[in-house]
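Chains: A, B, C and D, in written order; residue numbering restarts at 1 for each.
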Amino acid sequence: MPQQKIPVGILGATGVVGQRFIQLLEAHPWFEVTWLAASDRSAGQSYGDAVRWRLKTPIPERVLHMPVSNAAPEGAPRVIFAALDAGIARDLEPQFAAAGCAVVSNSSAFRMHENVPLVVPEVNAGHIALIEKQCWRKQSGGYIVTNPNCSAIGLVVALAPLHQKFGIESLFVTTMQAVSGAGYPGVASLDILGNVIPYIAKEEEKMEEETRKLLGQLAGDRVEPATFRMTAHCNRVAVEDGHTESVSVKLQRKADADELIAAFNEFRSTPQELKLPLAPAQPIFYDATPDRPQPRFDVDRGNGMTVSVGRLRPCGVLDYKFTVLSHNTIRGAAGAAILNAELLKAQGFLS
Amino acid sequence: MPQQKIPVGILGATGVVGQRFIQLLEAHPWFEVTWLAASDRSAGQSYGDAVRWRLKTPIPERVLHMPVSNAAPEGAPRVIFAALDAGIARDLEPQFAAAGCAVVSNSSAFRMHENVPLVVPEVNAGHIALIEKQCWRKQSGGYIVTNPNCSAIGLVVALAPLHQKFGIESLFVTTMQAVSGAGYPGVASLDILGNVIPYIAKEEEKMEEETRKLLGQLAGDRVEPATFRMTAHCNRVAVEDGHTESVSVKLQRKADADELIAAFNEFRSTPQELKLPLAPAQPIFYDATPDRPQPRFDVDRGNGMTVSVGRLRPCGVLDYKFTVLSHNTIRGAAGAAILNAELLKAQGFLS
Amino acid sequence: MPQQKIPVGILGATGVVGQRFIQLLEAHPWFEVTWLAASDRSAGQSYGDAVRWRLKTPIPERVLHMPVSNAAPEGAPRVIFAALDAGIARDLEPQFAAAGCAVVSNSSAFRMHENVPLVVPEVNAGHIALIEKQCWRKQSGGYIVTNPNCSAIGLVVALAPLHQKFGIESLFVTTMQAVSGAGYPGVASLDILGNVIPYIAKEEEKMEEETRKLLGQLAGDRVEPATFRMTAHCNRVAVEDGHTESVSVKLQRKADADELIAAFNEFRSTPQELKLPLAPAQPIFYDATPDRPQPRFDVDRGNGMTVSVGRLRPCGVLDYKFTVLSHNTIRGAAGAAILNAELLKAQGFLS
Amino acid sequence: MPQQKIPVGILGATGVVGQRFIQLLEAHPWFEVTWLAASDRSAGQSYGDAVRWRLKTPIPERVLHMPVSNAAPEGAPRVIFAALDAGIARDLEPQFAAAGCAVVSNSSAFRMHENVPLVVPEVNAGHIALIEKQCWRKQSGGYIVTNPNCSAIGLVVALAPLHQKFGIESLFVTTMQAVSGAGYPGVASLDILGNVIPYIAKEEEKMEEETRKLLGQLAGDRVEPATFRMTAHCNRVAVEDGHTESVSVKLQRKADADELIAAFNEFRSTPQELKLPLAPAQPIFYDATPDRPQPRFDVDRGNGMTVSVGRLRPCGVLDYKFTVLSHNTIRGAAGAAILNAELLKAQGFLS
């Protein structure tokens, strides 16, 4: 007898990340989208009418005619994927958690909140335990779980095996981020054609604090952030999907380049052990080609869930430097949240 | 009585940098292009027929019908601007120097040679003295003077006042370089549209060694390179002109942000004192707008000779981080060489 | 004794076309910007604070600190350049005309109105006479004069000498239009990077009807539109400035290619005769290079006021085909309106 | 018992189209790549070393280590896909045909040759019969079959049902072609970033004559070309894959828009009847969305073999105008040739 799928809802279903949720949840073995919500402007319309679909695959037939609901907990299923702007998320996500929902959020609103787990399943699955500290959990069973910013997540996946094996001591990263990271309409073409924008509001702050929380230690009621020194330079470039990052790292324990490459390629973690549906077989792929990874060619590796690393070489200031590439709206947003929900399901938090 | 202009030749006149030489030397008060040379394939044609002109201003009328000569010293004037590939430069530039020419070169072939000055007039005008050590100088009067790589030059101009006032101790730079830096045809559109290429052959090595030589000290027969730690990550992006660089720096003497900004804005040097024709009134412009400098809007500042700096802020690993932008084929190539020639003229080395 | 400049105001001063007005009117010999108005959101701020400046030249110092007024006739000067969206123009422009202002408009709101002249000074300067039919002119002295859509104007300038000498019988045009034509923020980068959008709302209709009115005959109280057959296909491409158009034309009188090229190159008209300040010496430049004109290289010809034509060759359906390029925010918008105002001034309509 | 696959070779295997052949033939049910040939420069290397792979899917493992042979018939299999430049094809393809090979060519060299079929299986499958007129066929059994230029093929597929049902009388087309159509390295990034190039050498001539041959009638020994009037304007734009075309058409028999849309959507032909492996279920998809088709979103429809049509509306000069989009290296090159080979196989010409 086939198991029944878990009904899920999407908050912010018409945005760029909302669209990715719908695309990635189509034919998902565990979850089924039964409820879509968006701003008041869209509510009441069919999804097909409300959305300006910006993906290459067509809108799934089943979703096309689904009505868009108001963004309120009444009538919503118990599992909610949230793809809201931070300001709106700050108001709405607690309402859904208070109503008993598992809110699996891509927003930055509560990522740094002491009781809210900020999780990448390959990196810090154990931090999920923080949800037991949330007031909503105690009252209604609801809770909020978050994934990091799209620029932090590729970096953190790439760093995880290095941090486990050798210890990160200092970290330097410059990002070249795709326009889809800014949502839709997002970056105006007049701003980015033939250009680089060396600034993304609050991005560097998020990268730095989220990276430390993700690589930190759960210590009783809270996460003790990692203490390495870190700096981020964030830039926007004329790329559609895929954040490329130039990284330098100093390690606590010296290691040679082969050890690092092996650490990247051999890295497996909780999602692979649990065989979570969206988990890539290989979370990190080290590409030995001299001029890779590149967003145009490598962003879809592992269905957009594998992080590519390349160009490992000595660094004149820290120990090593290398390039990281990850898909910002799959591994860095919708796929990240779905993987979190799969982890929650596998660990019994969705029943 | 108007002074007669100095006749100059251009080696590699049909390439992207050769075209910039012609554009910038049109109406130059001191120099007049009288001789153009290019590969055997072009020799014998008129310049208008030989060149695939890639600039927005038209080919100067006077040059359009000028014949393209063979790249050999016979018949060449005594001042030669050289815009050759390194492999060719290695053969040809010494022939011209041996024939008595002042070879003002943009090539990398001899930049790191012990007796060859690598000069940015705002930064290390004194290094010009090295030409007296060259064998050709002693025999025929000829010599070679070089300017740095297009990615190094913007960085070095921006660092010069910091190094003078506060001392550089460590240096981290990630570049996002324009396609014109690769010449023509250079980067294929299939390689760069919607893409970032995290690799430019030998670029990181050049940036690191040239930066240290430029900021080094003349010590008798040679330059003692600066000893700070440095690392460069070089990337290519879909920008036509203008290299953007994310820089972090550690200083020997602590300074507050206002001191750094003042150091940038107040920096003046030999070219400004000598009122060299191509010297920008302000070599460095600090832009306080939060999201600048950007290549599309700022690359032509000071007719492409001013280096723009912005986004100065504390760095979590070193002391400060900021963004540098410079025009890679003007300040970073043809303009750099012309400024060197102007310096040579002002100091009596062209008579 | 120097003549005093005429004070002018700009309605919609913060938009892409408003910015071009400010850029082109800086140092204008006849006009001086003394009043800026924009939406309520901007009113009360200084221009420098209100605008998101998207041009390569800096904001003129004099304008930077000028206050932004409400978009109402009180306190406005008698000459108004209007760069408003059509919906807003429909309300506001008549208010200014009724208050006695000469409204020189770039909006589509009144272009096809029977009493409103739609003018390109090289093409149909005589149509200006229509303003005498406007009710406001009789009451307060005020009136509205318009210039065509940015996609129509390059076409019409290129056609003018052909229509005069040979007569247009049928006309086919496909446009490839720059993103600046859509204003700011305008086209989202996610919509246009690596893409062509084969649709611009109402653009084809505007091109077709405006072209016929511009090439029509003044007949008493109204313009008798030209009667040739015409069709337009309008597309958006990833170009910053410059509309490229593939044109086929059938002529009433047969002519050989040399006659057409001569007609393009020798075309001079009212603005050249009157030596209007913004008038290009040569309104149309025929470029004989096989692969020109191209927006990246040719858009700024004649300070953006010259229309480039190239690739004239026989057409298998009509008589000839060729390519037209014009700068959409200079010749096609702000420059067009200023040239109209210069014509009005030269003909005594601004006193 | 599983049928054995037919061994096939690829001439010009390292180019952009050669790569598409390898990608599309991976796991093909009828054909198996057993032989790769390229220029002398590549011969002797493994394919992985010789190629600069420019596709998003990885090089098939089986092909990676396959040796690259000299481009000569010795040792080649009996079915050859040819992706050569026209100049080289003119020499080499006859050598392979003379040696008894079925040469299924994407080159322009022999497309207009009287005895050589120029075929799109949905359009003129019957023209295949021309191979019986070829001298090689009589001598060795070998022959040459060609597919049209990448810009002609999407057009011709879209026109086929209109021509069959209503008759084409006149035809106007403006193309906006992707850079992959020019091969690799092909279009320099300095030529196309932020630009439109209104010229592609010989492209307009090819489109016009090939379209007429494809829609012509087999008449004994030769094809009687269609006699409608036609004109093509060809432009290059900054798009990676997908040629967009603005088309106007005059029909012999008047029809309303719904009839045309039905003709597009209901069109089925020989490849669908024969269930050829690469044949799309629906050769033409009419997209009723107002601003589609667009290359970024629609180019991969039907695995790149479906031609998209949209924006059907009345034309002021001819009868109707619409937009056509097709994938230039799949439907327009490698996929076209493979579909031709499948047709040959289904009709017994490969045994």
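Some notes on this structure:
The working rule: a residue touches a chain if its C-beta (ideal position, glycine included) is under 8 Å from a C-beta of that chain, and two chains touch if they have at least 3 such contacts.
In this text, all values refer to a predicted model and were calculated from it rather than measured experimentally.
Counting only chains that touch, the fewest steps needed to get from chain B to chain D is 1.
Each chain's centre was taken as the mean of its CA atoms, and the one lying most distant from chain C is A. Taking each chain's centre as the mean of its C-alpha atoms, chain B lies 41 Å from chain C. One finds 47 Å separating the Cα centroids of chain A and chain C. If you average the CA atoms of chain C and of chain D, the two centres end up 42 Å from each other. Residue positions 54, 193-194, 238-240, 296-297 of chain C are each in touch with at least two other chains. Those residues of chain D whose C-beta lies close enough to touch chain C in the complex are 170-172, 174, 176, 193-199, 208, 229-233, 235, 237-240, 244, 246, 248, 290-297, 310-311, 315-318, 321, 323. Those residues of chain D that touch chain A in the complex are listed here as 54-56, 193-194, 240, 296-297, 300. Residues 16, 54, 179-180, 184-194, 238-240 of chain C touch chain A in their complex.
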